[in-house]
Amino acid sequence: MALDTRVKIGEWQLENPIMTASGTFGYGEEFTPFVDLAALGAIVVKGISLHPRPGNPPPRVVETASGMLNAIGLQNVGVDRFISEKMVMIRKLGAQVVVNILGDSLDEYRELAARLADVEGIAALEVNISCPNVKKGGVAFGTDPLMAAKVTEVVSRQSSRPVIIKLSPNVSDITLIARAVEEAGATAVSLINTLIGMAIDIRTARPKLANIIGGLSGPAIKPVALRMVYQVASAVKIPVIGIGGISTLDDVIEFMMAGATAVQIGTANFVNPAVSGELVAGFRQYLRDTGRTTATELIGCVQR
Amino acid sequence: MALDTRVKIGEWQLENPIMTASGTFGYGEEFTPFVDLAALGAIVVKGISLHPRPGNPPPRVVETASGMLNAIGLQNVGVDRFISEKMVMIRKLGAQVVVNILGDSLDEYRELAARLADVEGIAALEVNISCPNVKKGGVAFGTDPLMAAKVTEVVSRQSSRPVIIKLSPNVSDITLIARAVEEAGATAVSLINTLIGMAIDIRTARPKLANIIGGLSGPAIKPVALRMVYQVASAVKIPVIGIGGISTLDDVIEFMMAGATAVQIGTANFVNPAVSGELVAGFRQYLRDTGRTTATELIGCVQR
Amino acid sequence: MQLQYLENGEILENAVVGPDTWRMQIRSPKVAGAAQPGQFIMVSVGHETTDPLLRRPLSIHQAKDDVLTLLYRIVGKGTKLMSFMKKGEEVSLLGPLGKGFQIKSASHHCLVGGGLGVAPLLFLATEIKRRLPTETMSILLGGRSKNELLVLNDFQKVAPVFLATDDGSLGMPGLVTELLVKEVKGPATIYTCGPAPMMKGVAQCARDKKWSCQVSLETMMACGMGACLGCTVQRSGFDESEKKYVHVCKDGPVFEAGEIWL
Amino acid sequence: MQLQYLENGEILENAVVGPDTWRMQIRSPKVAGAAQPGQFIMVSVGHETTDPLLRRPLSIHQAKDDVLTLLYRIVGKGTKLMSFMKKGEEVSLLGPLGKGFQIKSASHHCLVGGGLGVAPLLFLATEIKRRLPTETMSILLGGRSKNELLVLNDFQKVAPVFLATDDGSLGMPGLVTELLVKEVKGPATIYTCGPAPMMKGVAQCARDKKWSCQVSLETMMACGMGACLGCTVQRSGFDESEKKYVHVCKDGPVFEAGEIWL
């Protein structure tokens, strides 16, 4: 019997629900020795801003218990060089590409969406309103339903493609933000971005990150991410993309059962650069082994 | 040269900054084979409510990556039996005792504080306004600055003892709540309580906890806890008690450098029931080894 | 309060004894010395790492002089890591924990085990024989198939053993409960440990015959010593009061069947 | 793009070679086959557990035929776990990674190492000798004291070795930079790896003499392959542009000294 591993995000159909998470997969090419990018549901590239950003001073990463903190500071080449250089290379990869964007003003989000509007080879936009590493912008948008809705509107108006709003977990009630962006026209929401954390080197009495605080990711945050996906999936009708500590096939299934239509693999790519491809294969096998014929059967099937 | 390991919370002086966290140390007696309770800074007993609570159905605990989820549901014997039975035993332990209380209405908090007001052998009250496991009450108080302030007021008015308000990490800006309770008269704040999380058993497609969601604790949450302690210590003048994933002496020092006047050991007591006593000894040794003479030198000494 | 210890034991043996099933012998004078049948220990499975985080509860399979024996099945990463431990290494034990089996004079002692549930029964059988040498005892063991029936010789050395397998590959084809009905005629005291459905069947059968029956339960555990309140099972006949639940690590793991299932 | 592999190698040896310092030999045909001096690998240190989470970067100490050699010091739990690994076990390697040393004809090749910085220099010395057999080379090694000077014999087999120790317990008392001034008269190409202050001293000295100098840097790393952007060091002479930083795992770990320190 034929297996249907496809899932839909708005009009956009993915071959399977396995995506890679922004900032953890470079621009894709680094992983070509380990993964057939065309076999993935999609890849999400490192966040792009209107102007180039040098990012934060080092140290930028530190390991924690079953996780890591990062304060990359959204280093990127800026949208113009992204279009003229990176996209040329990315188109050759044959992957479904989601471009992750971030701004520190509504105008910047609008402008970004406008410049990317007719660049070919882009399947969808993911809007980062939640990155905790940059003091201005970022967090503010992600923690205020009104601002989150405004960003969603301006980006959606500029873009004919699916617009995925990426939510911050550092809020009292994530379902409020999710509902606000749904009403504002988001095609889907993706969650979670990193939790804000910190680590101190007691020998120097200095924060381990030059930026003092950073984003916590990895298996440590999975229970929080899964809970939020479950809550948001129960609160909105648009598709939910689950992110947060996903490393194994069991993790993928847990998130889909909780209500995720697709998932993104982040920090796990650092531990095993082949993991995303392995999960695509494992997912097919899982459906067979459990006598399922479609990926969609799994979505939200957890008993309440 | 003499070592001074003491720290002060309001008028209350602790012999050292090492405390045990509510709900992870029973009523103390379970640990007498492993720890000299009188040598600890203080012990915080399991949360007490006005009326007995049976707690949640099983399963109530599940392990996660470097952490655990619990949904005990605040099982306790109720304040009357606590006073008539447990306190009698607890007084014999010779420890500094903090009683952790929780209610689902302002009246209940007031009533609890009143009943405990002249019970002897209690050093301080810790008010749980943040327990995520009970649908009513709990979270609401902890996520709204106004309600948090009200609880602080009613409890403080009934109590001549130090009142420690225990904050929820499941909020957009924990410093708002901290400032609100400071103004309302809290002697100190303790943080963090557990992050809300979830886990699913994919073989049964059921949540692993009968309560569906539970509180995440352990080393996994340490970076988030440390960041919040750092932020709150910078925002308020009252003492901050650091809680969250503390297992080693390095962890204790990190929290104190971040601004904690004292710390509480939680989940680590399950991994090593002797840990709290070991940390007291280790703390003295650390001060000596680093040429310090007082515990207070450490508080907030991280470079900004 | 009963004596409990935190002890670093020395691994004397760690070997396979069945499919995915291992036996570990540990020199731990304090824990082994204080152990009673039906009690358990919490063993730490990692080196300084925080995953797996919690200790794992394992029944005391045997305790003789200063040696403690564990019988464990690899079901996840903690037990997997245990199987990597080597002779001569140290392992941290917390125990003995919980209330074990009540050993009282009886006209006949019948131990009924299924799967890994046999673990605590060997120590129990040994102690019944030592304390009540004149009384009769039988041991009924069940499993899905032959290779699930573990450490038979050890049991046979202590008392007559009767076997049942679902697939009939060894002993009587069928369930251990049928074996119970078939083999135990006169009045008896029952002690059982195994999968919940099996234990319920055994308890049911004992109730019908008005025999006393002790069951050994398993739940998820964080602390193993009464501190976390995580290991509850519902008590029969109590509803919304704070008596509704018992704690397997402290009130158990062994209970009178009637206390759990009416 | 250069070839990179994810390979499960077989541990052939894992033994102590100095204070807290171990050497691991691994049969890993793919990684060893593609390795260049100055490159590194990311090694995974845990079994299926998530703590420690990330792979650890280690220099390629030697690569001969299908055997890769690592030289590592125990500084935390990852390297501690590596020291528990036994002959015959498998270990997952990602590599070879990064840009190694540029080996070009020179009037004299001078390798300067301090502490664990000697790790990549053995492979480098071997390759210089193999590719440029007629050219002269000297190896200058420094450490706090005698027992910090590691695997000396291996170096002595390849080229003349000069030593310096802070406490004078072996070789010239003093810093390896002083040794450089003392021993290397004519023009030379410098290759250095070690503590940052030492490398800065060496780079300084090379700059004064207008000698080319390659330095091998270390930073914290999450991915080791250019994906996380976590391993930055600031470039000299660039300020607020996106060219401000280089990435040690991809642009390095080996750099022209002038690119990092003017």
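First chain written, first letter: the chains are A, B, C and D, and each begins at residue 1.
Keep in mind that, in the parts below, a contact is a pair of C-beta atoms (placed from the backbone, for glycine too) under 8 Å apart; a residue touches a chain by one contact, two chains touch by 3 or more.
Keep in mind the model is a prediction, meaning the values are calculated, not measured.
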Remark   = Outermost chain relative to chain C, judged by CA means, is D
Remark   = Between the Cα centroids of chain A and chain D the separation in whole angstrom comes to 36
Ask   = If you average the Cα atoms of chain A and of chain C to get two centres, how far apart are those centres in Å?
value = 47
Remark   = Touching at least 2 other chains, the residues of chain A are 65-67, 218-220
Task = Hunt down the residues of chain C that sit against at least two other chains at once, touch-wise.
result = 50-52
Note = Among line, ring, star, complete and other, the chain touch graph is complete
Key: Residue ranges of chain C touching chain A (in the complex, touch as defined)   = 50-51
Touching residues on chain A, where the partner in the complex is chain D = 23-26, 29-34, 46, 52-55, 57-63, 65-68, 70, 72, 75-78, 218-220, 247, 267, 269-274
Key: Touching residues (chain side chain B, partner chain A) in the complex   = 64-67, 69, 143, 170-173, 195-200, 202, 204-207, 212-213, 216, 218-224, 226-227, 230, 245, 250, 253-254, 257-258, 301-304
Chain D residues touching chain A - in the complex, by the definition given at the top = 1, 3-6, 44, 50-55, 94, 219-234, 240-245
Ask   = Which residues, counting only chain C, touch chain D once they are in their complex?
value = 46-52, 77, 80-81, 84
